[in-house]
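Consider the two complexes below, in which chain A is the common component and chain B and chain C are the respective partners.
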Partner chain A sequence: MHRSGSQPHHFLHKVRRRSSNQRAESRFAFWSVSPSLILMMGLIIGPMLYAFWISLHRVNFMFPERPFIGFENYVDMFQDQGFQSSLLRTLYFMAVSILAQVILGLGLAEFLHLDFRGRNVVRVLMIIPWAVPTIVNGTLWLWILDGSTGALNHLLLQLGLIERDIIWLGRPFLAMNMVILADTWRMLPFYVIMFLAGRQAIPDDLYEAAHIDGASAWQSFVRITFPLLRPVVLVVLILRTLHTLRVFDIIYVMTRGGPAAGTTTVTFLTFFTTFKFQNFGKGSALAFFTGAATLIMALFYIRTLRAGEVEA
Partner chain B sequence: MLHKKISGVSRLVLFGLIVLSLALMPACSTTSDTVAPEPETEGEAAPVEEDGTVEEPSAQTLTILAPVDWRPILDYVAEDWAAETGVTLDIVSLAYDEVQTSIVTSATGGADVDIIYVDTVWPAEFAQAGFLLPVEDYVTEELTSAIAPALLDQLTWDGHLWAFPYNNQSKWLFYNETILAEAGYDAPPATWEEMEAMSRDMMEQGLVEYGIAWGWAQAEGLICDATVILGGFDAVWQDADGAWAFDEAATVAGLEFMANSIAEDGWADPASISLNDRTNLNPFLAGDTAFVTNWAFAWGLIQDPNESQVVDQVAITVIPASEGASVPSSSVTGGGGWGVMANSDTPELAAEFIQYLIGYENQVTALSLQQNMPIYTDMYSDPDILAEYPHFEAMGPQFEYANFRPVLPWYSEWSLQAQIEIQSVLTDAKTAQDAYTDLYQFSVEKAEEYGS
Partner chain C sequence: MTARGTHRKWGRRNVTRQVLIGIIAVVFVLWTLAPIYWLFISAISPTAELASYPPHWFPEEPNFNRLRAILSSGLLSSSSMQTMARPAEFFRKALGNSFVVSLTTTAICLTLGTLSGYAFARLRFPGRRLFMLLPLALQMLPPIALAIPLFMLLERIRLIDTLFGLILVYPSFLLVYVIWIMSSYYQSLPNELEDAARVDGCTRLGVFTRVVLPLSRPALFSTGLLTFLLAWDEFLYALVLTTNQAKTMPVAIGEFSTQFGVDFGMMMAGGLLASIPPILIAVLFQPLLVRGITAGSVKG
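Here is the complex of A and B:
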């Protein structure tokens, strides 16, 4: 039975009140975050714009004048062999780190998903490396990898796998891979936690059905696990790509960019150029290049992630 | 809610916030121009002394930025200074490797720092960048006559003195007398070739793992050692006029000596390429090597039973040179001094404190608080000091053969390139000849680019 005017009126009143509430809530939220916005603008956006301005000038303490030179710092940067080498090293660090960590992470996540005695203890122990600060991690690996007294050489000698000490940080390519090893040891728990969480959300029914159809463990992984973990993997890739592209701290602790610049990445080069050479113009250009590269990669991943969501 | 389109009013407000935050940004920078008190009455000028100088406002605090190694003496002196003058010393101490970066960021960021430690290789860089005030007008005849000229020379650039000398420093050869005696040697090596022969002999006898562990990681310590060794082959970086002078044959010979010592059939620890001048002490302190070259601080560690297994087994001598060299020894200058920051509000007070800090009595105190090599020549022959620090007698002669590293306002850039080139030789990535050619070319081209 239709009440004359009362139900529609009541409904419209609710709609108006809801919209009014929402608007009030929006306003309140906006003003609540505005102090943080001001801080962000002042401490991040403002200095970024200033740094970009510096990158368009010759700001080098070797010269008293600081003329506007446009994009000359960027052109010099791309033409500099030192930069080209550091870029290649950065890409190598990024690719090898992420590849190794994804593969190991997926494998460990699968293992920790199995039901076995002490699983929870193992899961907890798994997190410990992630809790170690980078400086401590780097120092720890310095001791392990020490060419004279390090534990790794001692172990390998005892096992008869080597005949004499290996200077793990004494050759550029080997040192880079040792830095990747140290980084992997610390960051692997992050991958495991993320992949394990995603893995646990996959219904067991799918695997039972696959098993009935005669699928092997590898086929189950390739046809079920990995496709369903794709969103998680992409999120992890985004975060780790952004991090590895800007790697600095583990290198600073372990090798300071050596030996023979063998572990000097773009960020490390930026540090030297700015704070050691006091070439702030070129240093700012290097920093902006890193920032732009990071942004482009992030956008690429996000787009890929969204495309995956649409497909789903 | 957060995905709703922002209304026109909100957009305007957001824009205003951005403008406001940018306008407020300069207020976040620290400047030192607010320290001076405003005159109490309009038109009142700052008091002028009889000699025409303007009285500086009384500062309650002087801020000093220093390596953590100097903390003990600074704490000690700060207490006396505060009692005498009422001025507090605010000490910012950092690991040595962080000091230069911190100085650059403090100076460019306008931080309130009055005094900084100036390592021997920094005066030209910091002076060129405008970080320091020249201090030659504060140096008295009494001081210049009491110290070796080299201590002032290494802090001088472009005709000005940029820091008060504080510590003398060089590298010495520390050797384990006990191990040498066991091997049948009653004296340290007089040449590099002799050291190699002795080392190989001791390794064969099973007395040591290696003759020596160098500190050749990619760091400034590598340049110090390169200066030591190349000098022993008669190669110096610059001539008296500052022009590049490292001789091709001598430099290549020195670099080859370095590389061969850590080669697979070498006599030095191959791990040297990843050790610095602190960690290269570890094998020596453990008795695994017979020799080590290091700064004066090493003596304190060697004699510390908590750190060393070779206490009272070690002696000091000058670092040798190669057999064909024109000099019997070669080392490198180290040390540094204290500079007055150009943006200090109280430069006179800062200079006054520094002169107090480097005074004779405080230099004597510094001997006990840290292994500081004093700047006063008399101290190296003072019977009381020698009685307490007998190793000074052996250390004194090294200063005569200490070579400078390049004096450049772009020294950091040169040093890094030199480190890379030298390590390329040590890692067999380049021949010594190629490394020399590339480094020399870089040095000349950069000097032309920078006009110095």
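Here is the complex of A and C:
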């Protein structure tokens, strides 16, 4: 107080410099952020609103008129049996693939945390499936599972495990599980990477202390590893829920939604309604529904992430 | 005696342990590599051998004709290669498109995303938190929700089936990702260097280009790799927004059988070529990628 009073000139000078600085900062912030924001607004928010607008109309490329019909497309959608069963199939895909992948992922992360010769080689090799593009993965498994000349049938026949070829993608329920198998092959490395990173962050003394106290390996896993991995598991669970909700590529290439619509998930139904039946209004309603459901889950995800940050 | 007893018990347990670890490791590696092996073998096996039973787990007359036909635009000498001329050209073009789209998109997203990421990390401005969280939520929107309106919009401005159209659309799911990773990287950098540069009279832009950018090279590199992988893998937008000229590799593989019939040998050859760049990246730069994946927690 006294110093600034005795040197008013200095004080004012400092204030002025600060504010001109701040203006320069704001200008920099504006120019560095706005291109990205404009691009995202134009590519995400704009289209999302446009999809909603279309969903309120009857838009069919076979008819030139596009009458406003309110929420009729949505009413249609919820009453549609095809939609309800596609929702159930999506939930089945989600639940089974995520559950299997989390369990396998936890086990393999624990395994790759052990100290053994060749561990680093296995760690490098195991990432390869994740690098294979989704479409290539689907095509490859379509070929492996081929009913007459596929490698899986040939292998099982040679080993004497089956007597006749199995048409793996020929029955709805079996086909769905085969799609899950193919998805698991590609996605497992992601789980292992995430869980292994989390596992490596747990200090070893915890396990030593538990060992001295006579805890078994299983007890250590249940009492130490799992609780401390919980934040990572949660992140993976939510991310994969969002990803499996949009499952499309692998189904498009392996089964095209068949047989008998047995693998038609919500995203696939949306695609089919829009681009095969040219019903853009109903397709947009389906798309907007999926989008809104995802957004709600995404907000939940962000809240969880930020709660995690606060804890850490 | 008790000491020897426990010792022996320990030894036996150790052996069982070693054997168990060995078995799990072998099974896991087989599960991981067998499909990849089959991808490669199918691409180099003659068509007749692909259909034979008992199967030729290793082809008797392997050849690289399919791969050569796709990669070399020159003359196809033998008559057996004449028949693959059209499908090979189909894949060659798609491979080129994939490279152009993925590389350009990565460059655009890195340029815009790095700047924005820096601003989000260091500067305080109105609406910062909202601008930071809103895109994160929006980026998780399923592509199908945006593909329909984007298709209708691009059709109106005649950008359907152009590489430019794809390059315009791809930042919708990549840009936020770059911003997010880069800004968390900048938050982890100490302020001191930048403060020193500013005391010396550097502007924010000067600080960014002279101090921050050189420091962010490793982060830029790993973010760039992940962005490239995501763009390379993209399917739904490319499927909906292209019809003929601008097809990328995933679309070409996914639609191959509708155009040329089911020819798994050729499809595997295309699949192998589409997998080589990402597999090389994943194996060569694994530590970088793993850091990117765990930091970004985005790619699925």
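Assume the second predicted complex is superposed on the first by the 267 of 312 C-alpha atoms of A that agree within 3 Å, B and C clash if a C-alpha of one lies under 4 Å from a C-alpha of the other, contacts with A are read in each partner's own complex, and residues count from 1 in each chain.
Basically, a residue touches a chain if its C-beta (ideal position, glycine included) is under 8 Å from a C-beta of that chain, and two chains touch if they have at least 3 such contacts.
Being a predicted model, the structure only gives us computed values, none of them experimental.
Student: Examine A:I193 and indicate which partner it touches, taking first as chain B and second as chain C; both and neither are also allowed.
Tutor: second
Student: Now for A:I167: first (chain B), second (chain C), both, or neither, which partner does it touch?
Tutor: First partner only.
Student: Report the partner of chain A that touches more of its residues: chain B or chain C.
Tutor: With both complexes superposed on chain A, more residues of chain A are touched by C.
Student: Given the touch rule stated above, what does A:L37 touch, chain B (first), chain C (second), both, or neither?
Tutor: both
Student: Classify the contacts of A:M62 with the two partner chains as first (chain B alone), second (chain C alone), both, or neither.
Tutor: first
Student: Of the partners chain B and chain C, which touch A:G147 in the superposed model: first, second, both, neither?
Tutor: In the superposed model, A:G147 contacts chain B only, not chain C.
Student: Per the contact definition in the header, classify A:E25: touching chain B only (first), chain C only (second), both, or neither.
Tutor: both
Student: Of the two partner chains, chain B (first) and chain C (second), which one does A:I45 touch, if any: first, second, both, or neither?
Tutor: In the superposed model, A:I45 contacts both chain B and chain C.
Student: Would you sort A:F272 into first (chain B), second (chain C), both or neither based on which partner it touches?
Tutor: Only chain B is touched by A:F272; chain C is not.
Student: Which chain A residues are contacted by chain C in one complex and by chain B in the other?
Tutor: Dual-contact residues (chain A): 25-26, 29-30, 37, 39, 43, 45-47, 146, 149, 275, 280.
Student: Please give the residue numbers of chain A that touch chain C in the complex, ascending.
Tutor: The contact residues of chain A facing chain C are 24-26, 28-30, 32-33, 35-37, 39-40, 43-48, 50-51, 54, 108, 111, 114, 116, 118, 122-136, 138-141, 143-144, 146, 149, 151, 154-155, 157-158, 185, 187, 190, 193-194, 197, 235-236, 239-240, 242-243, 245-246, 248-249, 252-253, 267, 270-271, 274-275, 280, 283-284, 287-288, 290-291, 294-295, 297-299, 301-302.
Student: Which residues, counting only chain A, touch chain B once they are in their complex?
Tutor: 22, 25-26, 29-30, 34, 37-39, 41-43, 45-47, 49, 61-62, 146-149, 165, 167-172, 255-262, 272, 275-278, 280
Student: Within the complex, which stretch of chain C touches chain A?
Tutor: 18, 21, 24-25, 28-29, 31-33, 35-36, 38-39, 42, 50-51, 53-55, 112-113, 115-116, 118-120, 123, 125, 131, 133, 135-150, 152-153, 168-169, 171-172, 175-176, 179, 203-205, 229, 232-233, 235-236, 239-240, 249-251, 253-254, 264, 267-268, 271, 274-275, 278-279, 281-283, 286, 289-290, 293-294, 297-300
Student: Can you list the residues on chain B that touch chain A in the complex?
Tutor: 1-2, 4, 10, 13-14, 17-18, 20-22, 24-25, 28, 100-101, 104-105, 108, 125, 128-130, 209, 213, 217-219, 269-271, 273-274, 282-283, 288, 409-410, 412-413, 416, 419-420, 423-424, 426-427, 429, 450, 452
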